[in-house]
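After this come two complexes, each holding subunit A, first together with subunit B and then together with subunit C.
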Partner chain A sequence: MSYTVALAGNPNCGKTTLFNELTGSKQHVGNWPGVTVDKKEGAYKKNKEINVLDLPGTYSLSPYSAEEIIARDYIVKEKPDAVINIVDGASIERNLYLTVQVLETGIPTVIAMNMMDEVESRGDSIDCEKLSKIFGVPVVPIVARVGKGLEELMKVTGQVAAEKQKPNEIRIYEQNIEEAVEEIMDFLTEGSKDDRRWTAVKLLEGDEIILESLQPEQAKMVQEIVEKLDSQCQGDAEAAIADQRYRYIVQTVGEAVKKAHKGHAETGSSKLDKIMTNRVLALPIFALVMYLLFAATFSENFLFIPGLPSPGVWLAGIVETAWGALTGLVEGGLTAIGASDWALGLALSCMDGVGAVVGFLPLVLVLFLLLSFLEDSGYMARVAFVMDRIFRHFGLSGRSFIPLLMGFGCSVPALMASRTLENDKDRKITMMITPFMSCGAKLPIYMMFAVTMFADGNKTTIVFGIYMIGLLVAVLSAFLLGKIIKGNGVSNFIMELPSYRVPTLKSVLIHAWEKVKGFAVKAGTIIFGSTVLIWLLSNFNFGGMCDMEDSFLASIGNAIKVIFIPLGFADWRASVGIVTGWIAKENIVATFGQLFGGVSDEVVEAVSAGEQALPAITSVFTPAAAWAYMAFNLLCMPCFAAVGAIKREMGSWKWTLRTIGYQMVTAYVVAFIIYHLFGLFY
Partner chain B sequence: MALAMVTIGETRTITELRVKEEMKKHLQDLGFNVGERVRVVGENPSGLILLLNGARIALNRGLATKISVA
Partner chain C sequence: MTLRDLKPGDQGKVVSLGEKGPLRRRIMEMGVTPGTPIKVVKVAPLGDPIEVNLRGYELSLRKDQAMRIVVE
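What follows is the complex of A and B.
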């Protein structure tokens, strides 16, 4: 017999961590409220018969957000065999609000009392047995972060699911509400008694989704009952129901929870927040954090110590040397077995193309590790709050800050994170400008140009300059789009600040690996595939094998290059690069590696030594054109994966096309300005 | 008085949420209920940081002016 078990709980209660621990799946673990926005499933790793489903984190089962609707529809309509309700023991009152609503559905439930270590370290205690008696469901203490109590939890859950063990009926409402509930239940025809009771309570709470699903005459009767109850409850039945739930919770907590100190303790988080959100220090601290983030990734004079490579640059050097050796082996091997010239050419071309991307993986890895650390630590939420006042000047909320910051890693998860923005206009603008935050895949493009064209200058300055251009364009765009796009702008900012946590090494590694894996897989699949395709297109024409200048690819590039004359890079190879960049941005480097490439290991060695990687580029690009080219690729349509994410999140082709259109025009205009402006100096 | 006016370190009791229905629901979900004790633990140019039921919540002053406390 196999069972489906759904995980339900508040945002930040440790639900995603629990899901990962149970299924062994490497899902994103974050500290940002509402990190779980999709349904995620996986088999329990110690008993494959239990299928675990991760519901979005919600504070209640009201129909006021997409997350809440997903969670409640699943519980009420799909009816899993059991629900594991994760409760953050450290803020038990608020978490139990969802618990009470889950219990009201009558679904077999197990409560996982999480963060028991934090509860104990505060000197508090929670009497799980007593809670279990009150609710009529098992209450299992756990510490999801370290995997404590999970076997017991799953054993109990298996029993509850098998025996379809229902919770106690919760009768917590006052007489007049209970009467109204029964009145409504009387003429509801569908579903079990539990379902009808739940539906009736929701209707009294003014649930419009359920109201609309009723027959017109039923709806009319319900409205009459609600109006009658409203007048009995000082005009607000919904608030009365919420109040009575809270009253019940406070009473229950009073019986089962002992707090070491009355009132609110000054926790470690309070002290840290005094510094991190301090009116004077907050911004300098944030600037320092950002500097460290980028310097650790690609500085050659890390911490201003001349010649000290950052962890990212140091690792990249090692990987590049190793790849160079591997390429040498492949070449030697193929020559030894007497491979034909074209086979050798194809193989080396692929090694070049893929190697160009592999060489930058360490930089991406370091960037992601640090971003993951920031996300998991709880600092991101503080930054969102601190930035709120500043973002307001550009018509955005501080909440937009998190997707934008994540955009420095990869646009796809960043675009998905924009879901947590409540305001529609705010969300649209954020999505339109997120790709302007230069993602990890674009970094190799700048490094290639920095190493080749600006070898004398400070590479960090060049890369940083491009990031700044992206930021500046994003800010101006937010301002401009705010004036153009209809709808009400952001009004209020309210957000939970999760406790600061030192992220576990495991969580940060999993988190970063998930993302880097994407890059590695891309290097092996999409990029490998397109290097083969580009090799074919650049070595053949209708007459068979030919010089690159006469190839299919040259014809294609030559046809589109006229567009780029005003931007200073009217070269067929540059044009082809832009197109391959839409498949994946790091593809541009792979393409350049092939089209401008010399002998592969020389190129790799040159990059490791910090010398001109692709000297041939200098014959095509002037420095001003190189800047324009970098800016164009930064700002133009993101890769197809990101476009897919935009389509999913915007939910409309119209807005997706508007977004792409806006980005294309912006890229063209900015590259044009840069080319002509920089042309004055270089 | 409005929550926005409370001095840092003080604890007050929520008496009224003077906001639109949707925001009210959202506030209630976060634990802002009439009768609840709330403490202002920090402030900065963006707004206030509150301690409510053991959770830390940041909100802008505009919103804080619409929450009445006593």
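What follows is the complex of A and C.
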């Protein structure tokens, strides 16, 4: 007999740690239908008959966010064989708020009392047996971080699932609420008694989703009952229910928990936090952490030591060398078996295209290892706490800061980091503007124009100017999109500041690995497909294989170049550059090299050496057009790898296309303004 | 007096929570219900949001939300 067991608990209660400990590396990560919330499943490693499913972290079963709707729909409708409710023993009152709601559903439940080590080190004690008697479900003390108590937990869970052991019917509410519950239960027709009771309580709490699912006449009766109850509870039945739940919890905790200190105890965590979010020190500390994060991932001169690569760059170098060797082997192998020119060309450009993704992987890995560490340690919540004031001005919350900052390195991990944002609207806006932060791969484009066309100008000024354009557009976009996009209410900042904890290596590694794997698979398929397509288009026409000037791509370039007349660069080569830039932005420099009569490798080298690389482009671009072209490439659709990340994180093609559409229109409008404005000066 | 008027280190007891709506529901779910002792721990370096301690954990919320929470 096999069972499905769902893990439910508050965010930061150690749920993910427990899941990782239970399932090890054998996890399956997917998405819940229709939303971008991860759905993680895996078999319990010591008993394959138990399938463990990780529900999103929630504080309640109210329909406040996508996560909560998923968690409650799963518990109430799909009905797993048992629920393991993880409770953070260190903040037991708030955690039990979810617990009593889970128990109200009548589903077989086991409570895993986590963080028992922290509870003990504070000198507190929790009487699990007493709690077990009160709730009528097993309560197992565990320390998920070190794997303590897990075998006992799973043994008990197996029994509860097998025997379908139901929790006690706990008495939480006062007489008048109980009467209203029964009244509603009487005319609900669907479901078991437990289901009807749960539904009735939710209706009294003003649950819009359930209310809408009722027949019109039922809904009317419910509204009458709610109004009657409202008048009995000083006009507010919803508040009365929440209040009485907490009263019940406080009473229960009073019976089963002994606290060493009354009131607010000074813990190590709160001492550390006094420094980390200190009025004076908070911002410098934060700047230092961000610098280290960035430097460890992208820096070529790590810790200001010239020539010392950061861990990320160092790993990327190794991977690139290895990939280069592999490409050499493929080339040698194909030549040896006498493959035709086109087969060789296709194979090599696929190796290049996929290589571009593989080259990203080490950067993504390092960045996510560090970010996972910051997230699991509790520092990320403080960053949001410190930055919220600034970001509110742009209609976002403090949590958007991290993805945007990372965007200067590479949009792909930055877009993935946006999933830490709770509010769906904030997340969408952040993703739409993240590519406006000029990524590392766009730098060669600016350098090419700067060294070739603005020989007397200051290179740094030009590059800095472009970065500033990106920032400005991002800020304005956040304003604008905030007005257009509908979201679930006001962007808010009601957020738990979890205790600082040293994350386990295992949990950080698993966390980072999940993201890297997802990136490699999804973005890898998009990159691979687009590479093949562009290769075919740039090497063929209806007559067969040909030079790039006669290819389909050149025809397409010629056909679309009229679009760019208002922007000042109506040239097929410029158009083709934009298209190849979508594979990877640095491709534009290589493409220009090929099309403007240079050897692409040499052009790339000349650009990085700061030499005047391509005199020929001055015949096509005026300085104002060059600015417009740079701005267009900065703002238009990001590379396919980033589009893959957008698709993955948005979870829908509709929003992916909207994002791309917005970026295209913005790029066009801004480039247009720049071309005409700068035309006045040059 | 509202939660916003409390200074870091000050302690109070929640009296009421303001208008109905999803934000109030969330605040209640986080344990801010009438009668709950609540302590302001600190104000963020830029003056907003604030950090409060209640029911043995730390919660942050913006001043405009704190303004709706009446305390004594």
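In the analysis below, the second predicted complex is superposed on the first by the 344 of 682 C-alpha atoms of A that agree within 3 Å, B and C clash if a C-alpha of one lies under 4 Å from a C-alpha of the other, contacts with A are read in each partner's own complex, and residues count from 1 in each chain.
FYI, a residue touches a chain if its C-beta (ideal position, glycine included) is under 8 Å from a C-beta of that chain, and two chains touch if they have at least 3 such contacts.
Remember, it's a predicted structure, so these values are computed and weren't measured experimentally.
Q: In the superposed arrangement, does A:N278 touch subunit B (first), subunit C (second), both or neither?
A: In the superposition, A:N278 touches subunit B and subunit C alike.
Q: Using the superposition on chain A described above, determine whether A:M495 touches subunit B (first), subunit C (second), both, or neither.
A: both
Q: Report for A:T525: first if it touches subunit B alone, second if subunit C alone, otherwise both or neither.
A: Once the two structures are laid over each other on A, A:T525 reaches no partner at all.
Q: In the overlay, answer first, second, both or neither for which of subunit B and subunit C A:E93 touches.
A: both
Q: Indicate the residue numbers of subunit A shared between its subunit B interface and its subunit C interface, in ascending order.
A: On subunit A, the residues that contact subunit B in one structure and subunit C in the other are 59-60, 62, 64, 90-94, 97, 238-239, 242-243, 246, 263-264, 270, 273-274, 277-279, 282, 381, 385-386, 388-389, 492-499.
Q: Where on subunit A does subunit C make contact in their complex?
A: 59-60, 62, 64, 90-94, 97, 205-206, 236, 238-239, 242-243, 246, 263-264, 270, 273-274, 277-280, 282-283, 381, 385-386, 388-390, 392, 488-490, 492-499
Q: If we count contacts the way the header does, which residues on subunit C are in touch with subunit A in the complex?
A: 17, 20-31, 33-37, 39, 41-42, 44-49, 51, 53, 55-62, 65
Q: Note which residues of subunit A are touching subunit B in the complex, please.
A: Touch residues, subunit A against subunit B: 59-60, 62, 64, 90-94, 97, 238-239, 242-243, 246, 263-264, 269-270, 273-274, 277-279, 282, 381-382, 385-389, 398, 491-499.
Q: Tell me, which parts of subunit B touch subunit A in their complex?
A: 11, 22-31, 33-36, 39, 41-47, 49, 51-60, 62-63
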